[in-house]
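Here the structure comes first, spelled out in structure tokens, and everything after it is commentary.
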Amino acid sequence: MNTIILSAILGVVMMFSSVLVKGKAAFKHIAAVGLLILLVFNIAESHGFRLFEFNTTNFLHFEKYGLLFNSVCLFCTLIYVLLSGSDIERVGNNPAESFALIFFVLCGLGILTSYTNMLMLFIGIEILSIPLYILTGSDKKNLKGNEASLKYFLMGSFSTGILLMGIAMLYGTGGTFMIEKSANQMLSYLEALGMLLVFIALSFKVSAAPFHFWTPDVYDGAPPVFTSFMATIAKVAGFAAFLRLFEIRYGSMGSQVERLLAVVIFLTLAFGNLTAVFQQSVKRMLAYSSIAQAGFMLFALFGLNDMAKEGLLLYAAAYSLATIGIFAVLTRMEDMSVDGFNGLAKTQPLLAGVLVIFFLSLAGIPLTGGFFAKYFMLASVVKTGHYLGLVIVGVLFAAVSVYYYFKVIQAMYFKEGSAALSIPVSSTFKYLLVAVAALIVLLGVWPGALLSMFYF
Amino acid sequence: MHPVLLILVPLVTGLLSFFIKNEKSAKIWALVSSTLTVIVSVMTLLHGNYPNSYDAPWLPMLGSRFSVSLDGVGTVLTLLTAVSFPIIFASTYTNNYKKSNAFYGFMSLTQAGLMGVFCATDLLLFYFFWELALIPAYFLCSIWGGEKRIAVTFKFFVYTFVGSLLMLVGILFVYYKTPEHSFALSALRNLPMTAGEENFIFWLFFIAFAIKMPVFPFHTWQPDTYEQSPTAVTMVLSGIMVKMGVFGVIRWLLPMFPAASVRMADMIMILAVIGMIYASLIAIKQDDIKRLVAYSSIAHIGLMAAALFTGNASGMQGVIFQMFAHGINIIGLWIVVDVIEQQLGTRKFSELGGLSQKAPTLAILFTVMCFANIALPLTNSFVGEFLMFNSVFQHNIAMAAVAGVSIILAAVYTLWMIQKVFYGEVREGEVVFTKVPVGTTAMLVVLVILVIAFGVYPQGMLNLTLIK
Amino acid sequence: MSTTEILFWFLSALALLSATMVLISKNPVHSILWLIVVFFAISGHYILLNAQFLAIVNLIVYAGAIMVLFLFVVMLMNLNSSNEPQKNNRLKIAGIISGGCLLLLMVDIVMSTTELKGASALTKTGNIGLIKTLGMELFQNYAIPFEISSVLFLSAMIGAVVIGKKE
Amino acid sequence: MPITYYITLSLVLFCIGVIGVLTRRNVIIIFMCVELMLNSVNMLLVAFSKMHNAKALALNPAGSTAGIDGQLFVFFIMVVAAAEVCVGLSIIVMMYRNTHSVDVNFLNRLKN
Amino acid sequence: MGRLGGASMSKYVYLVPLFPLIGFLINGLGRKLLSKSLIGIIGSGSVLASFAVSLGIFFEVKQPGFQTQVVTLFDFINVAAFKIPFAFQVDQLSSLFLLIITGVGFLIHLYSTSYMHNEEPQHFGRYFAYLNLFVFSMLLLVLGGNYVIMFIGWEGVGLCSYLLIGFWFKNNNYNYAARKAFVMNRIGDLGFLLAVFWILAKLGTVSYGDVFAHAGALSKTDVTAITMLLFVGAMGKSAQIPLYTWLPDAMAGPTPVSALIHAATMVTAGIYMIVRSNILYTMAPATLSVVAIVGLATAFLAATIALKQNDIKKVLAYSTVSQLGYMFLGLGVGAYTGAVFHVMTHAFFKALLFLGAGSVIHAIHNEQDIRKMGGLKKYMPITNTTFLLACLAISGIPPFSGFFSKDEILAAAYEHNKILWVVGVMTAGMTAFYMFRLYAMTFLGKFRGTAEQEHHLHESPSAMTIPLIILAILSVVGGFVGVPEVFAKDSHWLAHFLSPVIIKSGEEGHALDHSTEYMLMGISVVLALIAIIYAWTKYSKTPETGEPEGLGKVLNNKWYVDELYDAVFSKPLLVIGSFFKNVIEKSGIDGVVNGVGRSVNYASRQIRWIQSGQVGNYILLMVLSIVLLILLVFYGNNLNPLLKYFSM
């Protein structure tokens, strides 16, 4: 609850800071401090400290896992703001509002990690989505931004319609919006249809195929700095919502939706990975890769056991940190195509080195957090003992993913060229990147560092 | 603690190497650190108290422990790994690599990964080191390799990566089959699996190992990679890294899936034997000395692969012995190839000839290495190949006979290589050939001594192979 | 046939007809007007179901506010039928077919749901649709979502400002 | 009225909305069709609400408020829809300002 | 078991191979530092030392009641299933071979110091190093106490043969010849190796003593297979059909090498091996028949080829092949002693012939074509005389050594099968003919070379002639160690000496009555004499100088066997090799691998068109997907248990 309320308040604070504070640079610092406060209070809440005592029965239920998830996302957002804060300031004329919207998204995140009611799910998703529509279009003069924003909005509201229809059907059979464990394993047809529609709407939000079509265009068209945010924290929040729904309601009938999930996972992996192979623009490639990564995160829904939950947490952290890091550098590149990275290792050895770690992590190479993230996902499915073929398909696509991630590494290290930055990087920025990389490696050698928090 | 030191010394020195600015000091640092590893390795050998193991918690929530242990095969291979690196460094001492600190750093990291692979008795840890060895090797090939290095090494990387990912699935599967959910080698024996499951998972593991070895028809990454890699890296790849696959079979595959190994033995042996003949025939037609050695290596590894599945104890001893022998021999061959390439800038037989007049000592050393390569008696390979062939023979006479043809073919292409490179009249372009560096010659002499020593008195190492 | 039934069928027919007209009308303004008719029809259904509050809210919020907003925008842009390029027919047919398939499948599934057999919606009676009951429930039990939806409005407001503002 | 009537009606409306989204190119009309979809859901919810109310009343005639949450949900949907319309229309206006078009296919630089 | 001082000698048997090994190391490592004379002394001296030790051993072994001694140095391979010691076996057979090898070896070393004197010091050193290494390997071969040690020597001599054939490595033809020799030997070696495996598989040991002691446990098939495979090994090493073609080509090496390796010692390794395994062979009559037939066929074929060769060394080479065939014929008919006997006598006279030929070649500056020789008799008397003696010996004219050994084989053949004898005698006649054709064209008549050559003609230095003389003496008297029992009771000393190691298979001459035996001898001698006289008269007057025609051309071209092998084996292998390299590897296997990559790329290019950039299409696809997912979940066959649509 701390997170939801504080982020809403901080959002408002940010809104008004544009009136009260002069100079763009300040917003970043205010936002960073605000995020720090959020993070602290969120961690405090997981240790039982609550700022406000509300009766949230029937709507929200705060548990260790959700709060830890919040912490991870808040931490990533903090890193994001520290790394890319100055880029946010450069987009459009209303940086303060952008920060405010980011806080509102975090509010949505807080809801999605703790909802127990379809109404809260709906509201949470809307709170998450609407700021993103705006952020996507925040660069008003950019036609690509316009297009992305329009596409995102149209398809988003369409999926909202699907979601609502699903919820209505669920309500029709259950007579309640509460998500509860049901002793009744058998769903009626109407309920099953409702569940399917809700599943589809959430798949849309996490850009799982075949409902992923918005993702590449939107991520590509949005200002890169917001793509970074959307592709990481916002998407991960969607997964939190997804997992929560499955854990409470679908969990008891895991085997019954396995086939559906298997198809969706397969399609997601196939679309994401295969399409990414051809991309020349790193940004668009990352958009497709984010679909592929979503495919892996969907394994958590398939497994739906402790490995899945821990793994999703780890995945969220490893994936978000790496992607945020890559985007932080990418926004500063003069040429965002793969060829634009040619020879970066010579001009910017440190940045190149750090990027390698990020890409390796995304590819799931051992010694990086990405490896254990994928490992947990695969393990969670293998643990169920079904659909081993799906796991094999998964790893084969992981191998395909190596292809496009390594294209960038190859460009940076093995090709001649003079990659240039359009915006010079400060040493603070570099140190921060190194710290993030170190964190990813830490997760790759000792994932317990993060996961053990789950247990105490 | 010795096994841990074996990993730790190259790991730490390798990481430190990246921070050395001066090229020359990087070289010396690499030599010193690799020699240090040899010392540790020899101390381990002298320690003699088997099993020499160390165990510590690593990932408790995954049920994985940092447990390393040295048995016979582990000792042999760590010894090979330890001994190879200073030889490689010393023999290529005069080669200049741009950013040599990174080069030697990656080399040492590879060594650390290899050591880990050979020591690990925890399956997940094994997988970890397996990849750790691969990644620096990828960078080494891609940065310092030849013209087509990017595409070729990428193929190498993806190929082996696919294999190891399949293995990862297998690892997860067997992990959940263990009653107490453990990755420990001891827990992975006698898993409750149906025959179908066992066969399936067997292949998941075996493909990974087969790609690494490589066994026909998973070998096509190898000649290209050897050709394109800088020779020092090729030495590591062919001398040690291919042994990872063989080692994986010995350490993991056979104990975990004894029944499936028996069921699949014939199939794999047939593949291996086909591969031997196939690679030998291709080797005959090669015009590039590196590719020739590469295909020859495939043929030799084929024999190891075949012998692995005969279920014959002395054959297994032969395989272990041969891993060491083959490592030594092929490094020797590469050293000579490197000298030629560095001095003349070509590896084409059609452009070579008569070098023995320019470099008689080199010619003799190379000839010894070549004869070791074709397993002439009193060279180390003879012992290994004798035992392996014997085991194949005990398994299936026809297979041994067919595989035996590769002995003949090996003679054909190896002698062809000697003849084309060293015999005949001196070519025009070879006037540039200057003196072979002392370090290189010295290392070749060391290798030759090892070849003969283990060829004449193999029993010491054969005893080592038996240690459980 | 009771009055309720007659009204039900009438309103249903009206809603469907107007909804179809929304699609068919070339002129966006006509579409909007037809949509308003749909909303009226739906409000009629609400009243039939004795959900007066929602009926009123529907009229005020949807038919009144939202649709007027739409109208404003359309007027602002000075759109007319000739402005809209037509989709090619194949795509249209594909759209209609897939939409139709979706409808058929969903209706089929609903019809085969045993739990719904015999269930009916209570018309004209019941007090849950009254303002008092709803208000009590909203401010007692639904305070949390109610408050939280303010965040939604805040962001929508920011959006309108950030995006809609002319520079 | 049998609940299936309501469900069918609302599904038909919903699908008309879907078809509208699929067949029209004018962004505003598409958006209106989405609103139509939302409205069909609203009606379904109200119908279900009354159905559950009826069921509860049958068990316990003493003025049960079962089903009220369905109607409240409709209320929230309207709220959210309003907010969405607000953002959506501003996006459309922004696009119109830049391109002088409301054709949904006009902007398709982002592809492949 | 040892008695007297001699008993201790066999304990020091390891000294025998050790000396040449030391010689090899010193000469090999110090070839750039040592002077030529020092190299020569070390090279020859080491072999001489071995000879001395061998003599000691021989005399010890000769003592009556000598028991076979196995001297184990260390465990060579000791693995789970079996144990192979590095052991030497001293018995009658090995001691005899020791003498031949070190004795003839020493003479040839001595000869070489002079013959190779024109080489640069380092190549001179290399030469002696190789030669010493060869002697070492050969000694290992005959001394080895088990098949594996024998195999070590077996391959070792092959290696040295390779190195020495290609000694003049600048000449690529020589290199090809060297490679051919090695590869053909390897084919045989494979057979040997398989036989060793077979023995290991059945008996779990390879030590002679154990193998022969347990030979009875082997089944008929096993024995036949083992002996056949061993014989394949012998075919390679001893140049029998079909693996004989390397030996004539091996004449590319320096002539003393041909004398030592390709006449006296290495090529007889096959005979040694079969004699060593005579217990096994006797158990396998089928194999013995094969051995006899192959041997005889080789003898005959090689003899026909030798009729029309014009290269002095080629004639000798084919003669060697032919004589080796004789030896195998002897083995095949069970005359093991006869074969060994012929090995010994052949070592003397064939080494002598080669050295004589070397002397000739040395004298006329590396000319080997006998058509360009002639009349050398007056220039080189010693060479001429010794050469003539050797020719008489090989032709089987009594009382020269060849007569006794050849006769013993022929007698055994007659006893075995008359046809074998007939062909054998014909071959003997041909042998006499081509040898004297050679002799006549080389030494008789007029010199047909250039005046320049004639001017330089001279007798060879003493370092070359002394070995010639010694070998000539041996060629003349060598036969008396095996005088047939016909002439005197117990006169066959060799048979007596070897009897402990050779199982009595047949009755070896005892079955034939004396008159038959005399008659057989008579026929062969008369035939040989006729051939000699014919050749002498024909070629001393009208030597062949042109290119042969008709059958002669076929013979001159060695029945086109090389061409046949080339067409049947080498070419197809190379074609298959390039087919594998260019088609299977590139388009096949790698094609599949790369194809996977390419198809991913292709799929990527195609799939991205789905991302059309138009919202309408996206939503259409989404709706379609919804429809499909509904179909999948609700209408897919084998439905989820929650959906009993069809069961309703």
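Order of writing sets the labels: A, B, C, D and E. Residues in every chain begin at 1.
The rule we apply is simple: a contact is a pair of C-beta atoms (placed from the backbone, for glycine too) under 8 Å apart; a residue touches a chain by one contact, two chains touch by 3 or more.
This structure is a prediction, so every number in the text was calculated from the model and none was measured.
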Chain labels contacting chain B and also chain E: A
Count of contact steps on the shortest path from chain A to chain E: 1
Most widely separated chain from chain C, with each centre as the mean of CA atoms: E
Core chain by centroid distance, with centroids computed from Cα atoms only: B
Farthest-lying chain, centroid of Cα atoms versus that of chain D: E
A-C compared against D-E, more contacting pairs: A-C
Distance from chain D to chain A - Cα centre to Cα centre, in angstrom: 27
Length of the line joining the C-alpha centres of chain C and chain D, rounded to whole Å: 5
Whole-Å gap separating chain C and chain E, where each centre is the average of the chain's CA atoms: 101
Distance between the centres, which are taken as Cα means, of chain C and chain B, whole angstrom: 71
Overlap residues in chain B, where contacts from two or more other chains coincide: 158
Shared-contact residues (touching 2 or more other chains) in chain A: 119, 123, 126, 130, 133-134, 137, 140, 149-151, 154, 158, 172, 189, 192-193, 216-217, 278, 403
Residues within chain D bordering two or more other chains: 3, 7, 14, 17-18, 21-22, 25, 31, 48, 51, 55, 66-67, 69, 72, 76, 80, 83-84, 87, 91-92, 94, 104-105, 108-112
Which chain pairs touch, all of them: A-B, A-C, A-D, A-E, B-E, C-D, C-E, D-E
Residue numbers on chain C that touch chain A, as the complex places them: 106, 109-110, 112-116, 141-142, 144-145, 148-152, 154-156, 158-159, 161-163, 167
Contact set on chain E toward chain A in their complex: 597, 600-601, 603-605, 607-608, 610-611, 613, 615, 618-619, 621-622, 625-626, 629-630, 632-634, 636, 640-643, 645
Chain A - residues contacting chain D, complex: 118-119, 122-123, 126, 130, 133-134, 137, 140-141, 143-144, 146-151, 153-154, 157-158, 160-161, 164-165, 167-169, 171-172, 175-177, 216-218, 220-221, 278
Complex contact set, residues of chain D against chain A: 3, 7, 10, 14, 17, 21, 27, 30-31, 34, 37-38, 40-41, 44-45, 48, 51-52, 55, 66-67, 69-70, 72-73, 76-77, 80, 83-84, 87-88, 91-92, 94-95, 98-99, 104, 107-112
Residue ranges of chain C touching chain E (in the complex, touch as defined): 87, 91, 94-95, 98-99, 101-102, 105-106, 109, 112, 114
